[in-house]
Structure formats: structure tokens, C-alpha cells
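Two complexes are shown next, each including chain A; its partner changes from chain B in the first to chain C in the second.
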Partner chain A sequence: MPTNLQAAEYDTVGQRRWVWPAFALPGVVWLALLFLVPFYAIFAIAMGRLDPILNRPIPEWNPLYWQPDIFVEALGDLFGGRIGVVALRTVAYVLIASVLCLLIGYPVAYFVSRRAGRWRWIWLLLILAPFWINYLMRMLSWVNLLGGDGQVNQLLGAFGIEEFPNWLSGHHYVVILGLVYGYIPFFILPLFAALDRIDDSTLEAARDLGASSSQTFWRVTLPLSRNGVLGGLVIIMLPMFGDYYTPNLLSGSPRTRMIGNTIDQFINQTTSQGSLGAALTVLLMVFVAGLMLYYLRTINRSTEEARR
Partner chain B sequence: MTRRVRSVFANPWGKPRFLPLVTALYVLWSLVPVAIAVQFSFNAGRSRSTWQGFSTRWYAGSPDAAESVLHDPSLRFALNQSLKLAVLTMLVAAPIGVALAIGLARWRGRGSKASNFLMLVPLVTPELVMGVALFLVFDHLYDFVPFGTWAQFLGHVTFSISFVVIIVRGRLFAIGRDYEEAAMDLGASPFQAMRRVLLPLLAPALLASFAIVFALSIDDFVISQFLIGGAESVTIPVQLYSGARLAPPPSLNALATVLMVTTIGVIAIGGLLYRIFGKKVGASEGGALETIGRFEV
Partner chain C sequence: MGIVLPVLPAFLAACLEREPDAGPSTTGAGGPGTTGDGTPATTVPDSGMAVGTPANPVQQPLFEDNPAIESGLPQEDGPLEIYNWEDYLRPRTIKRAGEALGVEVKVTTFFNEEEALSRLASGEFEFDVWFPTSQRVPVAVAAALIQPLNLDYLPNLEKFVWPQLANPYYDLGSRYTVPYVTYTTGVAWRNDMVDSADIEGQANPWDVFWNTEYAGNMGLYDSFTDTIALALFRNGVADPSMATEADLTAAGDSLVELIDLMNVRYTIDGAYVGIPEGRFALHHAWSGDLVNSQYYWPKGSDITVTRYLWPAKSQGSTVSGPISNDTMAVPKNSRRPVLAHNFINYLLDEEHSLDNFGWVGYQPPQNGLTSEYLIGDGWVPDYLESALVTPEDFELPSAWVQGPLDPATERLWNDQWTRATSGG
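Showing the complex of A and B:
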């Protein structure tokens, strides 16, 4: 029998207590140095100063000396300034694209999870396929199709339509459809999983109690899939808010600029604007913090369920 | 299925088959553009929209023309860079992630909650934010790390670790601690129990994480682009991004196709091995699928 002293040193399977933190150590150190510190660096630069000679941001690592100047400038740009329109456009694009993903994705997820019968696994493979096809390749495919002599115009020509817009030069609907095309698989899969988990007997009970099949759907299935819908929406909205490549590839015009394009430009192309880019990144994070927290809670809940 | 098809032909105005129709249209819409892009990577001519016959010139054409994936230096470098990064990332992120998963699942002391939180946050952080963060830190603080392969490698490992933890953790919970306890009742030391019981049981999850990390790394665009050093650290997705609007020849489609086949191949092998070795303790397969779906953005 182990004494109390020994019991404190060992855990339930007799492993020494320091063993488990030791296992976690490399990963924790890695994430501290290469996630936490970089995360902090955004703040240090957004709250830092600009070197007047080199025109380069100087980070301020000590929060006691943080200067709000650049931050105030970014806020001024955002509310009413040159970036306000871009921010509003980003929100509009993301909301419209998310609603479209919901309208198209729900029937697809519902069919594959509950109505596909014995061909289910083939349907499942087909809706999983876009996951493993590179996002940029999927966009490249549309650039090919929508080009001046592309297949879309050839098809329209075959129907006698000879007048077509230049699809790839600044159309809101092209960028929004591009976003839907790009992100909808990530909406469908979590929803599929949620619908798949619904117990058949629940639905049978609804039918036994006299609900019609449409009543069963609206009053049982739909409420039970609520978390899947919300999870899917959060999963696609987060990367959409940070997207800059989709509007660049499918339009490239300032008319379809999203907030990601502004940040990408400030950080990657003009060194003197780095601090402003960092400040905008902070503001973007504040804006999507609610989504991030909801998503965190979902992951935590699903691990808690797995643990039980 | 055939009966259903026949009934549609017999009575096309019968009960509307809304759901299968929508799903079929969706699948066509999501996959046909890619299929066309693949088709034109085999075009004999330079066009990406007019079919001029089958050829593999854009994959392995003659070295003199330097126009194929194999012989155009910029495309070949991109392929090399992507493969190099994916293999390096896989070899480093998977072991770190597996150890972190084991540690976090069993560590019950001070700091365990905070570490768990630190592991989860990268999963929900938009890639743009992570790209900006890493760019700024390598530019201003860790300036001994050169932009290019090294920075990209560190970045890829950083976003991959959490995925590995989530995959392995699911499996760990499914295994439970009974097997290890049984081993120790039979006289194994704690370390023997881990090495000879737990690790073999974890092998499928380890294989799955290798495959997923490889795919995550080779498909990554944002981090690779933010941490790029110069022409020599262009990866395939970055090459696709910068070349797409410049009226590229079909060799760009060929490069994209090579990337697609590589990713799907690695995932298929990983999935197959997971199925072969994964049945023993009845870990939920739906769980693994959901993990991929939930976190791969």
C-alpha cells in the first residue's frame, strides 16, 4: 500500500505527477514562443511608434509606454475615413455569403445525412472532396472559366448571347459567389455531423404523436440541428472576415476590396504602414472576438462530451 | 436507385425530388470547375478554354521549352518547396502534438487549464491574424530567423500542433486508461505500460495526424505567403495565387493538379491506415471525420 506521501507523488495509474506536464512542455513552449508572443507583437506594434527616419514601425513591448496615436488613426480611418466603406463592404459580403451558404448547404447536408439511403457513402465522398482540393486551385478553376474566352462565355455564346460583362473586373456578385463556392464545404460538414447525430427514434416519436413530415422537420429536426448551423456559420465567417485572396483573384478591383485586402497591403506591400496594419488587425480581432469565443466553447464542449 | 430513376422518367411531374436534385446540382457545381481545370492541364495547346487534344507536355514536356512542371524552374521550385515544407512540418508537428495531447489529457495541476486554452486558441484564430502576427514577430523580434523556408516551417508547425492534439485526444479518450492499468496489474512499470500499450494503441491516430499535417501544410496559403523570403520560397498555393490572373499557360493547371493528387493521395493513405489499424478499440470513426470537418479551414 502506498503511503499518503507517495500517493501525492503518483497519480491514479502510478505515473509520477511531473510526467504529464513534461509531455506537454515542448508543445506549450512552442505555442508560447510562436503563437502567444507573435500575438502580443501585433499589440506592441499597433501601440508603438513610427521611426521618423526609416519610416518603419518600432514596437513598444512595455504596455506602460503604449502610445494610442496609431490606434486612434486607425479608428478614424475606420469610422468615416477611407477604410469605413471597406469594412462595411466586408460585413455585407460575409453576411450575404453566409446566408447563401445556409440556403444551399442545409438541403445538401440534410439529404446526405438523412435521406441518401444506401448511396450515402458516395454522396459523402463527393461533399468531402472539396476539402482536399486546394482553395487556390478551386479559385483558379473559376478564373479559367470566367476569363474573356473562358467556358462561361463560350456557353453564353452558344445560346446566342454575345454581350457579356468582364466577369473578373470588380463585380460584387462574382466575389460573393466566389466566397460561397470557397467556404460552403466547411459549412456543410459540421452541419452534416449534427444532423447525423439526431436519433431516429426522436423523429419517429414525433411522427407517432401525429406530426406530419414537414411538422417533424420544422419542429424537431431543425431545432435539433441548431448547433450544427451555428457552428458551421461561425466556421465559415471567421476565415471570410480575414479573406483577401478571393477578391484579389476574382476581381482585383478597389470596388470589391475587403478589410483583409487592406491589411494584406499595409503589412506585405508597404513597410511604412505596418503599424496601421497591426492596428487594423487588432480591431478585426475585437470585431470577430464573439465568433472566436463561440467557436472555442463549441470545441471545448465536444471534447467534454468525448471524455465522458 | 434504378427504380427511382425509372419512376422519374415514367412520371416526370410526380412528387418533386427537391433534395436529391439540389444535392446533385451542388456536387456538380462544386466539382465540375475543378474537373475542367484538370482536363485543360492535359491540353495539347496553350489555351485553357479551347480543347486542342490530349498531351502531357505541361507535366513533363521537353526540357528545351522549359514550360512543364518538371522543367519550368519556377514551377519545379514551388513543387520542391511545398513538399519540403510539408515533410518537415509533418515530422516535427506530429510528435510535439502527440506528446502535448497525452500531457494535456492527463495533467491535472496548476497551469493545465491555461495550457489547454493556449492549445485551443490557434484553432479559432483567423489565418490572416496569425499571418500578420508571425510576420511582425519575425520582422521585429526574432530577426535571427530569416524569412523564407525557416520562417514558413516554424509557422506551419505552429498552426498544425493543435490539429494533432484534437485528433489524438479523441483517440485517447476512446482508449481510456483501462489497458494501461491492466498492463501494470500484470507487472509492467508505468513507462513500459506507456511504451508497449498506450503508444501502439495510439498508432492509428499518429498516422492520421501525419497525413493531416502533411495536407494542412501543403495546402496552406496565407502563412506561406506572409512569411515568404524570396523567389526560392514560393510554394505551390502562392504560385497559383500569383500566376492565376496573368493568363498563365496550362502548366499552372498541371501544377495545381499535382498538388491535388498529392493531397488526396496522402489523405487516402492516412484514412486507409486509420481504418486498418483503428478498429481495435472501437474509437468512433465519425469523430475523426468530424474533427477534420470542424477544424480544417
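Showing the complex of A and C:
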């Protein structure tokens, strides 16, 4: 047992105080190397200047020499400027796709976690199956399925439907459904975990107190799964905001471009616009970080309420 | 006469602090290079890049701190490091070259030239052979990314390559590069879905992309330089390099119009994959993509419906069209320059370039590989003869070769491209 003199070095379970924080070290190193350093590089590119010969952005690593003009330009472009419509479309696509994920994913997660009985692990396995296949490959398979002589049209033809749209010719709904298809497993999984954690006795208590099935759901199950819903939504919304290959593969039309396409265009198709692409990336990150903060704040608040 | 682009005022004087070697035909700083007898001249880079056109060829400058290798050096040990576009060299050709040279050959690919330039400029990568487009050669020379070639190691250049490209307008005397493949940019279509008369024989074949008969079935390249140039041609601009801001705005307007009028889609694979799959009836196309498209048709399809037209050479056409070629060069920091030269010489051999063409689809400029030969020997179907390039094509007044865009001009082009692709 530690002496009084040594007590400051030990925590309540007798471990040295640095032991537990040290567990976070791999994660901190990982984040520093793979998030903070690349983020600083993106920021340095946005704040840098153009190479006069190669016409490409040169990062400015020294904050003393940073030029924030590019952010003014990027904000001007986003709010009413040349890419304002793309930003609005991206928000609309992500919101609609998220709502659809919620409407489709919640019943699935609810069923699997609470009603599937002994088959629940089979169901869970089926939900997890798409994780085994790369997102890009799954989208490419849709290109084949939705092609002019693809299986979707063949199926419709089998039911006597001869008139169908050219699915891949720039429809909003195709891109939105592509997003839903691509990301819904990521929504269901955390929600499943949240619903699965709800103590049966809580629900039984509600029923004992006279609540009907629907009242139990709306007043007990749903509030208790709120963090799972929010967690699932955050997990799918963050990558959706940066998605660009779904509209590329399933449409290719300017009508369905998302902000990720514009950033990709600035960075990959041109040299001189790379700084603007970097600035837009930073702004997009700030925007999604806002969503993340809202989620963390909500989680924090509900945890505190639960403790009281 | 050479053209000196006054677009990068701070160019080498400020950034590179390198002076060009005074060559026999070097002209004074600042003015267009000319020699007394009218032969092409060298431009000096302290006032701009040496950018040539077929009508105004240029010689790239040499620098004391970037010499060519000496003649007669022994070949270094491998592996040979190649830096290239994806699927732009036949694996079998690479393997055979490695066997012939007695070394292992490694290929690293880049997604686009911007990425390639950035990586090479970083100095952290040591590649031995790189494949820049001809329009990037002046930039690569100015930024000292490539080293001069020693033609003693490249006898196949004179032996096999079209004289026009063995001594090309962008790099007279092949000081830094040798040609790899050639291509034009035009219109590709399926004649079972498009009336060929809407393109062939038209005064402005580019106009077909605004023909509402084909709304929903057409696509353009997702490449801002190619597609802004297309809109400029369609609007009657003969030389997009000289386009004014008003021309560019009009080109942007024309492309914005395509969104609702034609439900345009922008792709990179639309010509060689989309047309065979039936995703497109009509697509903007590089000629090599069309040659390559014959391998992408589903089994049992009637492949003979494929057509290609280069508006610069079409009968009755009054508009211009792009033509270009890619090159082979040795990066300045190559550690195996003799091996690199030997590999390039191997690829310049007619037989080897033909072997490579059979897989890549982009046409090498070798003397024996004429249109008659390539069609007669079954390498290219006769209905795609128009996708083949001839040496004389580079000299047509309507043939347009693209040079590098300076930052201000690129910004103008990009502004219009952003408008066109935002779907506003």
C-alpha cells in the first residue's frame, strides 16, 4: 500500500496515475499522425501560395505567413457564389438520405434487436454482409444493375413494364437512394447496439403501469434509443457530406453534383485551384465537426441526466 | 519563330536562378525567338516558357546544371522505375523489355498530370522514365523536372519515328523528349442510335452535342481543358489558347445550356466503356479511347456501329479540333539514366511499339504503322480509320495543339467549368 507521501502518485485503485492515461497513448499517436498532421497540411495548403512555374499550391507551414484570403473566397463561393447551389444540394441530399435511413433502418434495428428471437444473429450477419464488400464495388454493381440492359430493367420487363427511365442519366432520387443503400448498414449497427442495451425490465415496468405497446415504444423505447439514433445519423452523415463517387458513378450529371465533386475537381483536375479545394475541405470539416459537437453535447447531457 | 508566353513574369529569374546555355540559335531575352534564316529558334526562359505550335516550333533551352548524360556509358543495374498513367503500357511489352534489357521493370502510376508534376517536383521520388503530354514539356523543362536526352542512345528515334515528331514543334531536336503515342479529340457515336448525317458533312460537327435528338444519351469528358475547348470550338473559336474572357463566358453559357437541354453527363470512361455498354449514343472522345473501345463491347454485340470523327479533318467542316501526343522523358533525378534511355529506345522500335499499341489502343507515331497497315493487318477496324492519326494531321490549319495555361487563364477556364458542372 502506498504511504501518504506516495499517495499523490497513486489513484484510488492503487495504480500509478500515469498508467491509465498511458492506455490512450496509441490512440493519441494515431490521431496525431493520421488526423492532426494531414489536417495541418490541408490547412497549410489553403493558406499557402502558388508555385509560379508549376502553377500548383505550395503549403505555407509557418502560421505567421498565412493568408486567409482563400477562405473569404471559399465562403463567397459557398454562400450565393458559383458553388452555392452545390452546397445546398449536398445538404438536401444528405438530409433526405438520412431521414430515409432512419425510416428504413429503425424498424430493421428494432426488429433484429428485440423481435428476431433466436434468429437475430443471422439477421445481424445479413446486415453486416455489405461491410465485406468495398463501397465502390457495391456502387459499381449498381451501375450494371441499373444499366439500359441491366437486371433492374429486365425485371421490370418481366412484369410487362416496357417504359422505364434511363436510371443513370442524372436523377436526384437515384443518387439519394444510392447514398441510402451505401450507408444504411452504418446506421443500423449502432442503433441495434443501443436498442439491444435497453433493459427488458424497463419496458415491462411501462407495461405494468398500463402503457400500451405503442405508448411503451413512443415513451420508453424511442427516448432510450435516442443516442443510438443520433450516433447512427452522425456516422452516416459525416461521410455522406464528403461523398463524391456515388453521384459520379450513379449519375455523372451536373444536376447531381455534390460538394465532394467540386472539391475533387479543384484538387484533382486543376493545379491552381488546389488551395481553394483545400479551403473548402477545411470548411466542410468545420461544418461536420459542428454536427459532431452537437452529438457529443447531447450524449454528455443525457449521461449526466442518467447519473442524477 | 518561337512563342514566348509572357504569363509567368517571375519565372525562372526569381525562382530558379538558372541561366540557359547560350546555344547556336538562342535569341535574346524577352522577344520571340527568331533566327536570320527563318529556322526555328530557342526561347529563353527568364521571360517565359518555350511553348511551340506546329506553325511556330521551338527548341527547349539547355541549362548548365542539367546536362545530358555522356555517350558510351554502361547500362546501370535495375530495377527500372517507370512513372506512367494507369493501363498506358502493355504488361507484356514491359515484361519483354525487362527481359531484353536484363532488368526488372517496376511501374508506378499517376491519376493525372497535376499529381505527377507535384510528385516529381517534390524531389522525393526517383523515377527513370516518365510519360508527360507534349503540352507539359515546357513546364517540365522550365521546372527542371526532366533531363536532356542523349540521342546517341536512341537510334530508333530517327529510324522509326515520323520525321514530324522525331523533331517535334514543342521540342525541336528532341532535346528532352521523344514521342510515345498520338491522338486527336473528336466525336464518337453509335450509328444505330445517332444519325451519322447529323455529324458527318456538317459545317460544325461539335454542334451535335447540342442536338436535342440525343438529349439524355450524350456525354462529355470530365476534363475542364478538353470540354471548355470543345465549347469554344462549337462557338466558332479557332484557337482556344487565344480565347478572350467573353469567349470563355460564352463557352460556359453553352455548357450550362447543356444541363437542361441535353441532360449532359460528364465521364472519363464514357467513350470507351459507355458507348459499348449503350449508356451513351454520343460522347466526346479521344481517338485512342475509340480504338480501345472495341475490346469493351459485350459478347455478341454489333461492334461495327462505332464511329469517330475529328472535326478538324471532316469534309465540309469549318471548325478546329485538338490533336496532341504524349512523350517519354527521363526525370532529372533518375539514378539509371542509361537504362532509361535504353528502355525508351526499346519502345521506339516499330515492332515493340506495335505490340504495345495492340493493348493500349493509342497510336504510336512509327513510320511503318500507317493507317493502311494498321487496318490491313487487322489492328484497327476499317470503320474506325478516322480515329487514326497521320503525320500530316499536325500540319492542318484546323488542327489545334494545346499549350500550358497560366494561372490567371486557368482560373478563367476553371470558373466557367465550375459553372458548367455545378448544375445551377
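The rule is short, and it goes like this: the second predicted complex is superposed on the first by the 254 of 308 C-alpha atoms of A that agree within 3 Å, B and C clash if a C-alpha of one lies under 4 Å from a C-alpha of the other, contacts with A are read in each partner's own complex, and residues count from 1 in each chain.
The rule is simple: a residue touches a chain if its C-beta (ideal position, glycine included) is under 8 Å from a C-beta of that chain, and two chains touch if they have at least 3 such contacts.
Just so you know, these numbers come straight off a predicted model, no measurement behind them.
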**Request:** Using the superposition on chain A described above, determine whether A:168 touches chain B (first), chain C (second), both, or neither.
**Result:** both
**Message:** Under the stated touch criterion, which partner chain does A:31 make contact with: chain B (first), chain C (second), both, or neither?
**Reply:** first
**Request:** Identify the partner contact of A:258: answer first if only chain B is touched, second if only chain C is, both if each is, neither if none is.
**Result:** neither
**Prompt:** Any idea whether chain B or chain C touches more of chain A?
**Reply:** B
**Request:** State whether A:278 touches chain B only (first), chain C only (second), both chains, or neither.
**Result:** first
**Request:** Identify the partner contact of A:59: answer first if only chain B is touched, second if only chain C is, both if each is, neither if none is.
**Result:** first
**Message:** Quick check for you: in the superposed arrangement, does A:74 touch first (chain B), second (chain C), both or neither?
**Reply:** neither
**Request:** Check whether A:41 is in contact with chain B, with chain C, with both or with neither, and answer first, second, both or neither.
**Result:** first
**Which superposed partner A:135 touches (first chain B, second chain C, both, neither)** = first
**First, second, both or neither for A:244, with chain B first and chain C second** = first
**Fill in**
Both partners, chain B and chain C, contact chain A at residues 147, 149, 168, 252, 268, 274
**Item:** In the complex with chain A, residue positions of chain B that touch it
**Value:** 1, 18-20, 22-23, 26-27, 29-31, 33-34, 36-37, 40, 47-50, 96-97, 99-100, 102-104, 106-109, 111-112, 115, 118-130, 132-137, 139-141, 154-155, 157-158, 161-162, 165-166, 169-170, 173-174, 177, 180-181, 184, 190, 193-194, 215, 219, 221-222, 225-226, 236-237, 240-241, 244-245, 247, 252-253, 256-257, 259-260, 263-264, 267, 286-287, 289-290, 292-294, 296-297
**Fill in**
In the complex, the residues of chain C that touch chain A are 8, 10-12, 14-16, 111-112, 114-115, 117-118, 121, 139, 142-143, 216-217, 219, 222-224, 259, 263-267, 270, 277-279, 404-407, 410-411, 414-415, 417-424
**Fill in**
chain A residues touching chain C in their complex are 50-56, 82-83, 85-86, 89, 147-149, 166, 168-170, 251-257, 261-262, 265-266, 268-274
**Prompt:** Along chain A, where are the residues that touch chain B in the complex?
**Reply:** 11-17, 19-28, 30-32, 34-39, 41-42, 44-45, 57, 59, 104, 107-108, 110-112, 115-117, 119, 123, 126-127, 129-145, 147, 149-151, 154, 168, 181, 183-186, 189-190, 192-193, 196, 231, 235-236, 238-239, 241-245, 248-249, 252, 260, 263-264, 267-268, 274, 277-278, 281, 284-285, 288, 292, 295-296, 299-300, 302-303, 306-307
